[in-house]
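Heads up, there are several structures right after this.
Consider the two complexes below, in which chain A is the common component and chain B and chain C are the respective partners.
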Partner chain A sequence: MTTHPLPARPRPKQPDGTARTDKSKAKRRPRRRSRYAFTIPALIFLAAFSLFPLLQLVRMSFSDVTSATLNGAWPFVGLANYVAGFESGVTGAALTRTALFVVVVTVVGMVMGLLAAIALRTRGHWSNALLAVMVFAWALPPVVNGSVWKFLLADDGLVNTIARATGVTETALPFLYDQYWALGAVAFVNSWAVIPFNALVFRAALLNIEPEVFEAVALDGASRWQEVRHIMIPSVRPTMLVLLVLTIVYGFRSFDFIYVMTFGGPGDATNTLPFLGYLQAFSRFQFGLGASTSVVAVLVVLVLAVLYARSIHREESE
Partner chain B sequence: MNTAAGPVNIAVKVLLTLLYGVPLLWILLTSLKDSSDVFGAETALIFEPQITSYADALNGALFSALGQSVIIAGGTTVLTLCIAIPAGYGLARTRGLPVSIGLGLLIALQMLPQTANVIPLFQLFGDWGLLDSVLGVILADTALLTPFAIILLRPFFRAVPHQLEEAAAIDGAPAFRTFASVVLPVARNGVATTGTLVFLLAWGEFLYAVNFFLSPGTYPLSALLAQQVSAFGIDWPGLMALAVLTSIPVLIVYSITYRLLRDGLTVGAVK
Partner chain C sequence: MHSTRILRHHRRVTAVGAALAATLALSACGGAGGESAEEGGEDQTVTVWHYFSADNQVALMDEYAKKFEATNEGVTVENVYVPYDQMNSKVVSAAGAQTGPDVVVFNGAEWGVLSQAGALAPLDEQWSSFADADQFPDSVLHGTEEEMLAVQGYVNLLGLWYNADILKEIGVEPPTTIEELEAAMAAAKDAGHEGITLSALPQSQGEWQAYPWLTSQGFDYSDPNADDLAAGLAMANSWVEEGYLSKEATTWDQTVPFQQFTAGGVAFAENGNWQMGAAEADANFEYGVVPLPLGESGKVYLGGEGIGIGASADSPTLAWEYLTETYLDAEGQLLAVEKVGSIPAREDAAQDPAVVDNPLLAPFSATLAELGANYPDSVIPVESVADVQTSMGQAWSAAVGGQQSPEEAAAGIVEKLQSLIGQ
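Showing the complex of A and B:
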C-alpha cells in the first residue's frame, strides 16, 4: 500500500473567510502563539528518531564502516565511498535502472489511474464493486500483493499457463528471471499497486464537475472523446501535477515489491538506487558504501520534494 | 452526462476487473489447494478444497507472529496519533516562516526512502539497546509514519471553524482543554482516516521488522511472509494461506472504514 496526503485546497463552498482574517486576529490575541507548544512532542520525537539518524547516515557515508566497526570508531575516509560507488559503475547503473523503473511506474500509474477514474465515474453495481476491490487491493500490505504476483508470474503460474494455452508462447516467459523482463515486471506490479490511489484522486476531481456542464455539452452534441478531452482532462489538471510528483516519488522510493519478488536479482537487474543501498549495507555489510548510495538517493528525493512543494504552491494559487 | 457506458469504458472495466479481481481470487483458491494441484492446468479452477494449508499454518508460531503484528501496528498507531494530532493542530493554527520550514521538512521526511532510514537506525538501535525489541520497531515505525500523519491531519484541523474555539476561550478554558473538548471531536473524521491508514501501513511494514528482530521467532506476520517468499522452494499453498491470514485483519479494518478511505482520503484531504 502506498499513500501520500494531498495538499489542502481552498474550500470554495465553505463560508469561512477564516484563513484570511487569521493574521489580524492573531495580532489581537497573543494567546494564539501558545499553539506552537502543540508541536513540541513531534519536534522532539522526529529530532531523535528521524533527523539524528539522517545525520548519522551522512557521517557514515564519509567513513569506512563495516559490520565489524559498526558500533566502534569510524575512520574518516572523505569521499572514498562515493568515488568507489561511481567508479565501479554500480551507482550509475543503478541510477539508469531507477530512471527506467520510475518511468514505467509513472506512465502506467498515471494513464491507468485516469482511465480507471473515467470508467468508474459512472455509478452502478459493477463500478462500485470494482472500485471497492481496487481500494482493497491497494490497502493490502505490499508483501501480500508482491507474493501473489510472484506466484502469478512464476514459470508454472497463471499468466504463463494462459500464455501457453493460448499459444502466445511455447516455453514459459521468464518474467522474474530475465534481467529486462524482471525490471519491467516489478515496475508493472508497482504501478498496479498505485493505480487505485491515483484513480481515487482523479475520481474525486471528476466528481467535482457540475452535472450541468455535461448536460450542456450533451446538448451541443459533444462526443464522448470530446467530453474527456475538453471537460474531464482540464478539470483534473490541477491535481495532475501534484499526483505526478507523488507517483514519481512512490516509484523512486519503492523497495517492498523488489524485496519480495526479485530481491534485486537476477544478478543486479532490479537493484534500484534505494534497494542497492540496502543490499550493500545489509547483505554485503559495507555500511559506509551503502550509506553513500543512500545519501545519493536522499538527495534525489530532496529535489523531488522541492518540486512537490512548488507544485502544491501552484495548485493552491490556481 | 453520457451515463450509458461506451465500449471503451466497458473495455477498461473488464481489464481492471481481471487485473484486480483475479489476483485476489487466486490467493484464496491457491490457499485451499493441495500442493500437487497448485500448478496443474486442469486443477486451476476445479479441485478438491483443502484446509490443510491453514491447519499447517495455524500453529503456535503463527499466533505469536499475529500477536507481534497486533502489538506493533496497535502501538505504532497510538503513539503516532499521540504525537501527530497535537502537531497537526499546532501547524494548522500557526503561520509564518517556522511553519513553512516545518511543513517542508515533513514533506521531505515522508518522501525519504525507507531503505535509507534503516541503515542508521540499525546502528543507533544497536547502541541504544533497542534491537530485537518490539519497542524499537514501534519507535522506528512511528518515526516513519508521523510526518505523513501530521500532513494528513493538518487540513482537517484547518477546517474546524475558529469561532468554536473562541467561544470556548471566552469561557476561560485553557488551550489544551479547548483543543481536546472542542476541536478534536469536530475533526474526528480526520483522526479516524489517519488512524486507519497508519494502522494499515504499520501492519504491512516489514523492512524494520526483518532487520531489527534478530530471529524469525519474534517476527510479525508481514516479516514472516517477506522471509518465506524470498526463500528457495516456496510452499505456495502454505504461503498463500499465510497471505490470507495476514490480510484478514486488513479486510476487517477495510470493511469498517471503506467509506472513510474512499472519500476521506481524497475529498477530505484534497479539499
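Showing the complex of A and C:
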C-alpha cells in the first residue's frame, strides 16, 4: 500500500476573501487565552479538593498528629512515622498483601472482562440484557455488593450450600475467615465488581473492528480461537494497556470490600495499605502514622498514573 | 453497683485536661450563637448522633425523640445514624470544623478520644445544678479531674445467653464454671447443635468480648503477661478446634452472633443485656441468661453509651434539656429497660419492678455486682485506649481465626501493651 502526502492545507481566508495575516493571528491570541479561562473553575476545584488535601496528607505524614493535636498545631517529626511503620513490620506486610491483592484483581478482572466482551460482542436481546445486568452490578455501591457477597460466602451461604450439595466439600469452605482464603476471596469479589467495566470498555474496542475482517477470516477457515488470537486481541491491545493500568490502580486503592467483608481480619490477614491507613488513622487515631501509610500508597498510585498517562499518549499518537 | 470512680482514675491526665479547658471554653463560646437563636423563639432542632442499628435500639431513640418533642413545642429531634467505627472520627473531624451534633451518643469507654480533640462541651455547670445528680454513681460519669464531659444513662454488660430447649434436650443445667460450659458445648455439638456464638472482629468490639475470657485465665492489663494471655487465647482457639465456635466469628460484630443465636441451633451466646428486645422478637424457643462462668479472676466490662453535648452544639441549653428529659430521666431510663433491656444508671430507676422483677436482667445485675470492671481498664492511659482496644481485638481475632497460634498472638501483643500502658 502506498501513501500520499496530504496536500498543504490552504491558508484560511478572511470573510473578504483575502488570506489571514499574522496580524489576524495576533488578534486570535486573546481568544485562545479566554479559552483557557474556561479551565479555571476546574482548576480551582482540583486545587481545593485534590491538591490541597494531598498536600495536607503529606504534611500530616511528617507530623505527630493524634486526636489531641488534630485540631491544633501539628508538631513536625520528620520521617518518624514512616520509620515507625516500616520498623514495626506492618507497612511491609501490608505492601506484600496489597501486591497479592492487586495481582488477583488485575488478572481476574482483565481476563474475565475480555472474555465477557468477546461473548457479548454481537448485538442482540440476550447480550443487551446481560450487559444491562452487568452495568447494574457495576453501579451498585461497594458496600451493598460487599454485604451481598458476605452472605453468599458465609458458612450457610449460597456458595457453600452449593459446594456441599454437589459434593465439592463436606465442610464449609473458609472463604472469609481463613487467613489465605480471606485475602483471595475479597480480591475475587473486588475483581468481580470491575469485570463489567472492563467488559464494556473491551466491547467498545471490539465493536470498532470492521465486520468485513471477520468475514474475510471466516472465508479463510479461521477457527473461533484464531479469531480471538489474531483479530480481537491485537485490536484491543491499545485499550488493554490503558485498562490494565486502570485496573491495577483500582485494585491498589480498594478499601470498601475489605471494610465490609472482613474488617482486615482474621487478625490482620486482609490489612492492605489503604485499610491499614484507615485503621491507623480512624481506629487508633494515629493520624500521622495513617497518613504516612497513605502516602506510600499514593506514591505507588502516582507511578501507575504516569504509566497511564504515557499509555494514553501513546494510544492517541497511534 | 460497682463504682469505677472514673473521675479519680484520670488524675494523670491533668495536664491534658488543663490544656483542653481553654479549647473547650473557646468552643463553648462558639456555641453561644445557638443560645441567641433559642431566645428568638424559632423552631429548633436537636441533632443527636448515635450508632444504633438494631431495631429495638433505634426504636428507643425514636421514643426519646417523641418524648422530648411532646414537651417542647416547636422543637424537632433529628436522630442521625453514624456507623459505630466512624463515630469518633466524625465527631473529632466535626469539632475541628467547629460543627457537629448537639448531642453525641458514643461508646462511653472512648470519651478520651473525643475529649482530647475538644469535641465535647463540659457539663460541670449543668451537672452542679441538676436536681437528680445524686441518683448517679461516679462510675457513669466520665471526664478529667477538671471537667465532666459525659454521662451514661445506663450500664451495658455481657452475660451468657442460653437456649433452654437445647440444654433440656442434652440434659444439662446452665453452666456456672468454664468446665461446665465446655462440657455443655461438647454435648450440644454431639447433638448436632453449635456450641457458642461471640464476636472476634479485629477491633474494639472483639476486645470487649474477649476481655471476660482472657481475664478468666489470669490476664490483667495492670501486669500484661504473655503466658496468661496465651492461656485465654488458647481457650477460645480450642473451642474453634473442638467445633464449638465458628471461625466466622472473626467477621461478626456483636449483632450478627446474636442473630445466629436467635435463629436457633446454638446452645450459648456471649452477648449483652441490650439484646433482650431482639431475643423477645426473634427467638422461637425458651431462653435465659446466666452470668458468664469466669472463675475467680474473670471480669466483665461495665460498658454503655456515654452521652455528651457537642463542643459546637447550636443549642447547648436545649441539648442539656434533651438529656435530662430522656437519658437522665427516670421515666426515660425505664423506657430503655423496656425497649432494650439496659440496666438503669439512676438508683431509683434501678429499683423499679421493671428491673428487679425481670428474670433476664437479674443475672446481669449479679454480674455487675460480682464481676464488674472498669471499661476501659483504668490502667490504660486515655491516649492509648483506642490503640490497645484495636491491637487486642486483632490478637483475639488472629487466635480465633487461626492466623496465629495463641502463643504467637500473645507474644506479639504483650510487648506492645507494655509500651502503650507504660508498664
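Note that in this section the second predicted complex is superposed on the first by the 287 of 318 C-alpha atoms of A that agree within 3 Å, B and C clash if a C-alpha of one lies under 4 Å from a C-alpha of the other, contacts with A are read in each partner's own complex, and residues count from 1 in each chain.
In this text, a contact is a pair of C-beta atoms (placed from the backbone, for glycine too) under 8 Å apart; a residue touches a chain by one contact, two chains touch by 3 or more.
As the structure is a computational prediction, the values presented were derived from the model and not from experiment.
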item: Fit-or-clash call for chain B and chain C when the two complexes are aligned on chain A; value: clash
item: Partner chain(s) touched by A:Asp268 [first = chain B, second = chain C, both, neither]; value: second
item: Which of chain B and chain C A:Tyr177 touches, first, second, both or neither; value: second
item: Touched partner set for A:Leu79, first chain B, second chain C, both or neither; value: neither
item: Contacts of A:Val111 with chain B and chain C, given as first, second, both or neither; value: neither
item: First, second, both or neither for A:Met134, with chain B first and chain C second; value: first
item: Of chain B and chain C, the chain that contacts the larger number of chain A residues; value: B
item: Which of chain B and chain C A:Leu70 touches, first, second, both or neither; value: both
item: Touching partner for A:Val103 - first (chain B), second (chain C), both, neither; value: neither
item: Touched partner set for A:Phe214, first chain B, second chain C, both or neither; value: first
item: First, second, both or neither for A:Ser147, with chain B first and chain C second; value: first
item: Common ground on chain A, meaning residues reached by chain C in one complex and by chain B in the other; value: 70-71, 150, 263, 281-282
item: Residues of chain A that touch chain B when the two form their complex; value: 1, 3-9, 11, 14, 16, 18-19, 22-23, 25-26, 31-39, 41-43, 45-46, 49-50, 52-54, 56-57, 60, 70-71, 115-116, 118-120, 122, 124, 126-127, 130-137, 139-152, 156-158, 161, 165, 192, 196, 200-201, 203-205, 207, 211, 214-215, 218, 224, 227, 239, 249, 252-253, 255-256, 259-260, 263, 274-275, 277-278, 281-282, 287, 290-291, 294-295, 297-298, 301-302, 304-305, 308-309
item: Chain C contact footprint on chain A (complex, rising order); value: 66-68, 70-72, 150, 154-155, 174, 176-179, 261-269, 279, 281-286
item: Of chain C, residues touching chain A in the complex; value: 16, 23, 85-86, 88-89, 92-93, 95-96, 113-114, 116-118, 200-204, 246-251, 383, 386-387, 390, 394-395, 397-404, 409
item: Residues of chain B that touch chain A when the two form their complex; value: 1-3, 5-6, 8-9, 12-13, 16-17, 19-24, 26-27, 30, 38-39, 41, 44, 82-84, 86-87, 89-91, 93-95, 98, 102, 104, 107-124, 126-127, 139-140, 142-143, 146-148, 150-152, 154-155, 158-159, 161-162, 169, 175, 179, 197, 200-201, 203-204, 206-207, 211, 222, 225-226, 229-230, 236, 239-240, 243, 246-247, 250-251, 253-254, 258, 261-263, 265-267, 269-271
